[in-house]
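Chain nomenclature is as follows: A, B, C and D, assigned in order of appearance, with residue numbering initiated at 1 for each chain independently.
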Amino acid sequence: MSRDVSITLQNTQEGAAITEAILADNEGAVRRDFPAMIKIDRASRLVIKASSVSDRLGRQWDPQEVHLSLISLSGSIDEDDDSLTLFWR
Amino acid sequence: MNAKKLTLKQKYIQSTRGLDWEYSYHSKEEIFPYAEYEGIKIHDWDAWEDPFKLTMDSYWRFQAEKERKLYAVIDSVAQNSGQLGVTDARYFNAVKLFIQGVTPLEYQAHRHFAHLARHLPGAGLRVAAQMQSIDELRHAQTQIHTISHYNKFFDGMHDFAHMHDRLWYLSVPKSFFDDATSAGPFEFMTAISFAFEYVLTNLLFVPFMSGAAFNGDLATVTFGFSAQSDESRHMTLGLEAVRFMLEQDEANVPIVQRWLDKWFWRGYRLLSLVGMMMDYMLPKKIMSWAEAWEMYYEEAGGALFADLARYGIREPKYAGVAKAEKDHLTHQVWTVFYNYTHAAALHTWDIDDQHMDWLSEKYPNSFDRIYRPRYLAWRKQAAEGKRFYNNGLPQLCQVCQIPMAFTEPGDPSTVSFRVSEYAGDKFHTCSDGCKDIFDYEPEKYVQAWLPVHQIFQGNCGGATIPEVLDWYHLKEGVDNLDYAGSPEQAMWNNWMVGRRGSDNLDTKTAAK
Amino acid sequence: MAVTSIQPNYSGPFRDRVENFHGNQLVYVHWEGHLNFCSAIALALPPEMPFRTLAEEVIAGLYGSDPQWASVDLSRARWMLDGVDWNPVPERPIGEQQVGHKSLIRFWTDPVENTRG
Amino acid sequence: MTIDIKSEEITPRRQTFSHIARRFGTDKPASRYEEATFDVQPKVNFHYRPTYAPEFELFDSARTKIAMKDWYVFKDPRQFYYATYNINRAAMQQRFDSALEFVEKRALLNALKPRQRQKIAFYLIPLRHFEWAANMNSQLVADWAYGTQIASAAAFAGADRLGIAQLISRIALAMGEGGDELLVRGKTQWMTRPEWQPLRRLVEDVLIVRDWFETFIAQYVMDGIVYPVVYESFDRQAPSALSLVTGFMRDWFADHSRWTELVIKVAAAENADNREVFSKWCAQWLPRAAEAMRRLAKTVLGESGDAAPTEAEAALRARLKTLGVSVL
């Protein structure tokens, strides 16, 4: 079984921007759509870059704002000033 | 200026564990008396790595924003009679089960995470635990506030806390949580933060909330997803806490493994109620229990346990049984509720052909062979005016407290009976998973407040069903019995006639 | 194993001792092959109750609503008590025929394997 | 979508939950505070005794000596439930952020004279640890208190105390131009400076109290001395820039006291035994709190500085008297 990390986001303006940023920055990430939510999976590692989300939203986006859009995740978390990383060790 | 500016990580460490100090007027054991009795050895609390790094300023800001959005939706649903936009009144039975069974657990989680926030010796973990404590209070309160509006129209929700302390099927969630909160702090974390929240909670919230959205319940999907945003923090805490225990000392590994085996099984049994909601109570289906189980347990859990294998942790002992049961689980639980709807604060009903076809498509190995004939026979009895209710009281599992309805793995025609002897008495369990739990700590499980036995002991208001229902605060003919013929059905049909004209009525049930 | 607890001799109320049932004992009965009755049924019965009363009144009362019950001949049923084959004597009290507190009585009435799950 | 339903057809069948209606004696609409806080805690039929305290039930009113016929008489005057609490604190936090930004932009704190800066750092920064202990005490109350009302307000108070500890940390970072030396030094002072030891000893002594209501009272009397002495008497000596950023603490203390004093007043009014237990607890903790602060005040305000804690002590005794508690 592949060791996928996974993130599920609300299907909102911000959730959509984060999704776009993830898909652009993480090659091979797979998106699945459900009512009101979006699930993104990728093998072993997935990064949300604050700059990519900020570009899409047209404003400064703080990685901690992910809490406003997050529904679920699978994997360990590393959070710093510029990004949020999901990974398996 | 600010040449030495701290990074997010450094700042967070200074504003959390940096606040703690080495006590010198009292010993650590006096201040944290519950830290050692479970046998978990922690050598270096500083090795704890904080996953999310929320300080209170951001916490207040984000949470206030979430609450503003959520209450705007709650207000709007109430003002605009949002209940009218839901697919079918039967949907609200899922909501009933939710406020009776889940909301009180959120409340208990609030209190017990405060327990961890006081009694865990690691300051970093205490900070995470206290945020979770108030998050859980949030969930309990937002659920109450959301459902408050539905309670004004629909039955079965009106005395949820009283019922949670008494009703036979609600002793399933209650005993689950009591089991966790009566354990030590490390077992509680493994049970709730890891086994339940990390491994299993997605199965509760994600498909159910997505289902609420699909069925037009805007308020529930909003509180559900809003709660999930906190839940993601909690899940991460669970994963890191377990990893931390495993890394601190090899001797912790077998203890944690036993807890994983126990709590996986207990959580899975509890979730069978949720599975039943998904497969039977959502008028518009989103995914089956079996599909949700595959996506959220088999896929995500597989990756997780592969990751933990490095510490010598294997998959929970009875995960294989859970996999084997997935074609039967929800149908057997629905059967329980159909049998005992006269003593439940929710409705069940006969399954229509369209629903049966969906179940047959989702459960090709089991539904048409076993469950369709059963439901057809019930439908026939109901059509003859003899809707089936079980006149006896069910035998309950001593551990999970669900009626002993589950069948032997691989043999869906034979109930799985397990029995243990302890202190001269017999104790019946529904599965090897529950029997193991009993046998390991019998002194604990002999205390179980089993609702059926309590009725026979005379502790539930009286010896007759009406007396017991009164004691439950369950209104006969209103909160209980089949949906067909219920006041709720009459109200709903009345609304729908006004709204869409009578041609859209569910004539089959309305006729009854 | 003993419970992991902060003091030795952890204990709480032993809730379902036979003394708590006012002269009755708990007995579970289960009609095999008829899982439209979701589980075994719990009863509080006096040990003095003759098996005949249990079978013809209590059990018949519980399962009589089933359309198939009419064709059941209980005298030809196969019985099992706590996992062991059992040949109850109709007139004798159940308490004198090894039925104890929390005994499980399973019975089979169908000549061949049931068809109804 | 057209909705054509006569309004009488969507008339509610009940106004609130049954347990709330029983409290009112009638089915009338309830506030969100009421629905969130009345009777949510489980009351009966607990399944297992706690393995860490088998002498108690999981929720047990016997965890304190204070006795109440009904534990749902402690209505929070602020009527905080989670949403109103967080929205309120987010606004307070925003005021703090603006004040700190103002002070930082003008370099008002790090432009202080070294002696002045040292003094402020000495009395303010170690209080992070006092707040942290207060946080632990609030968690103990949230853990073991009986009833939803007190427990939820205690949990919010716990969050407040962590928040205040973090505000002090941010002030310290601002005073230290972003570096953490002042935080490190503050902890050393808390651990080793003789002026701080009576307070630290008191705080550690309270941390081993296991009657949650005694913990609540001990924290109340410690706060009742520490807050007026530090955020009024000490701050008056400091440049006004400091007062700008400690406004949060003064506002918070006034707000928090509305709840703590209601709790004391209601429990004291319940019966004479409660009043006697309160008096005993106050007699045990109040003089020690005042004594601990006298030591510190002499260092901060000079030789006559111990007048401030003595006045705070007298004011607190008078305050307690109005709440029904006399302290010998």
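Quick note on the criterion: a residue touches a chain if its C-beta (ideal position, glycine included) is under 8 Å from a C-beta of that chain, and two chains touch if they have at least 3 such contacts.
Quick caveat: nothing in here was measured; it's all calculated off a predicted structure.
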Per-chain CA centroid nearest to the all-protein CA mean: B
B-D or B-C, whichever has more C-beta pairs in contact: B-D
CA centroid of chain B to CA centroid of chain C, Å: 31
Separation of chain A from chain B, taking each centre as the mean of its C-alpha atoms, in whole Å: 27
Chain centre separation in whole Å, for chain D relative to chain C (CA means): 57
For chain B, residues that touch 2 or more chains besides their own: 33-34, 37, 65, 183-184, 444, 447-449, 454
Chain D, residues touching no fewer than two other chains: 48-49, 51-52
Chain A residues counted as touching two or more neighbouring chains: none
Which pairs of chains touch, using the document's own definition: A-B, B-C, B-D, C-D
Of chain C, residues touching chain D in the complex: 3-7, 10-12
Touching residues on chain B, where the partner in the complex is chain A: 7-9, 51-54, 58, 62, 65-66, 202, 205-206, 209-211, 213-214, 221, 225, 228-233, 235-236, 239-240, 243, 286, 299-300, 302-304, 306-307, 310
Complex interface listing, chain B residues touching chain D: 1-6, 10-11, 14-15, 18-26, 30-31, 33-34, 37, 55-57, 59-61, 63-65, 67-68, 70-71, 81, 84, 104, 107-108, 110-112, 114-115, 117-119, 123, 126-127, 130-131, 133-134, 137-138, 140-142, 144-145, 148, 151-153, 155, 157-162, 164-166, 171, 174-175, 178-179, 181-184, 444-445, 447-449, 454, 473, 487, 491, 494-495, 498-499
Residue ranges of chain C in contact with chain B within the complex: 1-6, 10-18, 20-22, 24, 26, 28, 30, 32-33, 35-44, 61-62, 65-67, 82-83, 100-104, 106, 113-117
Residue numbers on chain A that touch chain B, as the complex places them: 1-6, 8, 10, 34-37, 64-65, 67-81, 88-89
